[in-house]
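What follows is a set of structures for review.
Presented sequentially are two complexes of chain A, the first with chain B as partner and the second with chain C.
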Partner chain A sequence: MNRLLQDRFDRWHVLVLLLTTLGAAALLLTAGGGGDAAARSELNRQLEQDVAYRARIDFLQDLYRPVLDLEKSGARQQALLKLEEIGRRYPGEGYGFIIKGRILLQLDAVEEAVANYVEGVRLNGDFADRQGAFSAWNEIDQLVSKQLPSFSERARTHPDNASLKRVLNNLHYLQSRLAGGCE
Partner chain B sequence: MPVFDRHFWIVVVAGGLLGLIGVGLAVLGNPQNSGICISCFLENSAGALGLHGNQRMQYLRPELIGFVLGAVFSAAAGREFHSRGGSAPLLRFLSGVFLMIGCGVFIGCPIKLFLRLTAGDLTVLSGLAGLIVGVWFGLKGLAGGIHLGGGRQDPRGASGLWVPLFFLLLLFLLLLQPGFILFSTRGSGAQHAPLLLSLAAGLLLGGLAQRSRFCITGSVRDTFLMGRRTPLIWGLAAFILAAVGTNLAAGRFHPGFYGQPGAHLDYAWSFLGMLLVGWLSVLIGGCPFRQLIKAGEGDADAGLVVIGMLLGGGLVQAWGLAGTAAGVPLYGKVAVLVGLAFVAANSLLWRERVAEA
Partner chain C sequence: MRNIIFCLFGLLCSVLLSGCQQTADQGPVYKIGYMNCNSEQETRLRFAPLTRYLSEKVGVRFEMVPVDTQDFEDRFKKEEFAFTHTNSLLYLILRQDHDLQLVATEKRGQFGARTAGTIISRKDSGIRTLADLKGKRMIFGPQLAPSGYLAQYDLMLKAGIDPEMDLSYYAIPHGSFKHEKLIYAVYFGAYDVAAAPALDLEVMTREGKISADDFQIVAQSPIFPYCTFGAAKGVDPDLMKRFREALVLLTPEDTVDYNGEQVKVLKSAWVDGFEQLLDSDYDILRGMAKRANMPPYQEF
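Take a look at the complex of A and B:
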């Protein structure tokens, strides 16, 4: 320590170090309600992010409500047409693919249903989460559990069938996403 | 096998605990097969600091902070904290970036490679082959005269302090959670073991790794050089046995190629990604985990690799370079090839050549 304080030069720099450190700490401790609007906004990035996510949930629920109502009433073809319409306006939105997959599954179009679930999960991993506003984990898990053994068997007996191979790859992708991991 | 050597047993204990805790943290809440993964943790931490916008990958991982600070405490206790540095700083910084690219394409660091393997994920076999070949390339490079220059001791002891101080700052940010630090509310970033438990695990493993010098690529490297005589290979064996045992006990051993968590079937790119990691790790003196530990010992060169890895973690996510279950994206493939070109170019540039008569 003595080596650090051997002359006026050292003492001056130690003084500056102490004053700036204490000043920064004092600013942080007293900044509760202060600061300008821009700085407050930067400090609230977590809030901004959470609000944006909540807003997205509400927006998507409103956007797809007519589709879900049509699906519930059994008007699946109209629901698919409505999905087409929304998809043209918001082509990168994954929720539409998940709903389309669900409807196609009800119509026994399994291969197309699987492809749509894959597209949805690729666009937004939230659908493969176990929990969350848009979790489709359970329905995807049921789909994979039910279809994977039969498609594996069919692909094994028809190794040259490219279509079967593609569906099997899609099911493996969904299986992998359901298993979790860090991505 | 040098069983009467104290260091041998420290390495074995370090390896065993790494395997046990690596699986245990996943059981306690970390993402599946990612109980410990330096690259995933750095990507999460980069996201928490705002270096990328993937809202599913934002969390200041306490384990990372624990690794560095645990190494600091252990090095200080053993009078091994020596501030040093000054060897090829920019090369090391960029190496950190490319280490993360290789790991990102593979989906995991060398520790996670073995954690995945011990959980039955057979897709990692190509990555394992790549890692081994990469280490061998690195050894050939060192034997061929590549020398980045030795880090100099820093008698004033200043430069080696900054990375530990940075991680101390991260600890405060983690505990205080100010609004500008981001935490995922969904996705893998939201999956984590209890904070204090993760921190304690990190501190313990950081301290043990500092004592033992345990390192995955170092184990492979020393095995090439010394065979069974190196303690590190026994540390690696203890790590694998402990991880397999814990995975079996926890019901998490599912052998197979398909449906594995956080895995893809682009075997060639897994191979190349890990080849890049193995090759670079040997040239800069350790895998990503070892770089964190060395930074905690006051090695400013390793500290620069760590800062490069943090930036690399941000870039991998921000630029969409990381592999996913769907495969490796185009730009991820390009980035790996650029990384391999980077290593090859620097191998030429940093080679000490004997003047021809």
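Take a look at the complex of A and C:
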């Protein structure tokens, strides 16, 4: 063997032989594993989706942390102003509407709170799911349970009032989404 | 022959009926008095398209009349306004003194058809509570501004602070854009605290003029109804109903032909929409006016 490799010509042949063998093995592996590759690609796609979902959760939590901190400390109007600032950059983000709805409810702006929850759920149905990182099911359920009887009664006693009808329609929409209904 | 007679009769009836219908080009002119927020010119720019829209929708002729806040009650009587568009305190005054009827309430900003007054300081001022206001320099909005004067005055009285006695000095800015001026007055350190409407803070933040981090909101009033359309006592109930419907059904997409352009009515008026509130929704403001000894409940 040593004698064989002493010759430069032989060494060249051995190298070519090795490369050919490895190439053929690689070809065989890839040609024979078409199904595996598709499965791997599917797995990768799933992984990418999970990573994107996780990144979205982390990003939104970071983005809205100052608002949530202000809300917790009772500085609700300041929290609303902070939301305005964030809304300038991300006007279509549903999480902002959900937080705004919650703060407005604390400030007794019930009609606008309901309208913001509706906007948030329309933008992202996840908020009306029972499970999930951003589930707002419980707070929306409490809102609907408390406000629906009162607005139903007011709409009944003021049948010509278009504004009361509008709030009532919004509450019914939320009620249907909580029950699993679609748009 | 009989068919021809029927057709001619039908045609005659439709001509006669169309003659009976009142169009926007005929009939009496109804005045709408609009309270000036900043200037007559601004009021005209904002509300001329809305007035044109109302004429088209309601089918009668409306004329817009810009009016200064302090003159409103006198001119309402003298010029016989059929409809009014004023802040909610002026609505209370006209309701109390002249039986004005509630038509619709304007929606603008995060509280919709309601608004609030705040007391603000600079973030780095160390003024964090109402008790810290004693001995400070304060700037208020105009005296008949519910969210720029009355709400804050009432907040202070309820906290045991008499604005007339406990502040070192207070003032009201001159000219137009008073609410913006007083926010900047605190920002640039001319005053320690200001009576800022929550709506102006919101709009200025949205426009990037100020940052939420620049100010401390020392206190905020409960929410109460925002600017209001009213109808004079003698206005035909059907006309008032149609007027209200035209307002409440307005959407951001509705346009009107104005000076040869299709103008978005709500956007032009700086309004998000209109709501039909109940007069009892204004009781919270009545309470504030009574506590602050302000019109229409002022006693000497």
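One rule holds in what follows: the second predicted complex is superposed on the first by the 137 of 183 C-alpha atoms of A that agree within 3 Å, B and C clash if a C-alpha of one lies under 4 Å from a C-alpha of the other, contacts with A are read in each partner's own complex, and residues count from 1 in each chain.
Convention: contacts are C-beta pairs under 8 Å (C-beta built on N, C-alpha and C of every residue); 3 or more make two chains touch, one makes a residue touch a chain.
Quick caveat: nothing in here was measured; it's all calculated off a predicted structure.
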Superposition on chain A - do chain B and chain C clash or fit: fit
Touching partner for A:Gly132 - first (chain B), second (chain C), both, neither: first
Contacts of A:Leu104 with chain B and chain C, given as first, second, both or neither: second
Partner chain(s) touched by A:Asp62 [first = chain B, second = chain C, both, neither]: neither
Touched partner set for A:Arg122, first chain B, second chain C, both or neither: first
After fitting on chain A: smallest Cα gap, chain B-chain C, Å: 15
Chain C-contacting residues of chain A that also contact chain B: none
Of chain A, residues touching chain B in the complex: 42-47, 49-50, 53, 122, 125-126, 129, 131-132, 172-173, 175-183
Touch list for chain B against partner chain A, complex: 31-34, 37, 40, 50, 55-57, 107-108, 112, 178-183, 185-188, 191, 258-265, 322-326
In the complex, chain A residues that touch chain C: 75-78, 80-82, 84-85, 87-88, 100, 104, 107-109, 111-112, 115, 158, 161-164
Chain C to chain A touching residues, read off their complex: 110-114, 116, 118, 198, 201-202, 205-206, 208, 211-212, 215-217, 220, 222-223, 245, 248-249, 275-278
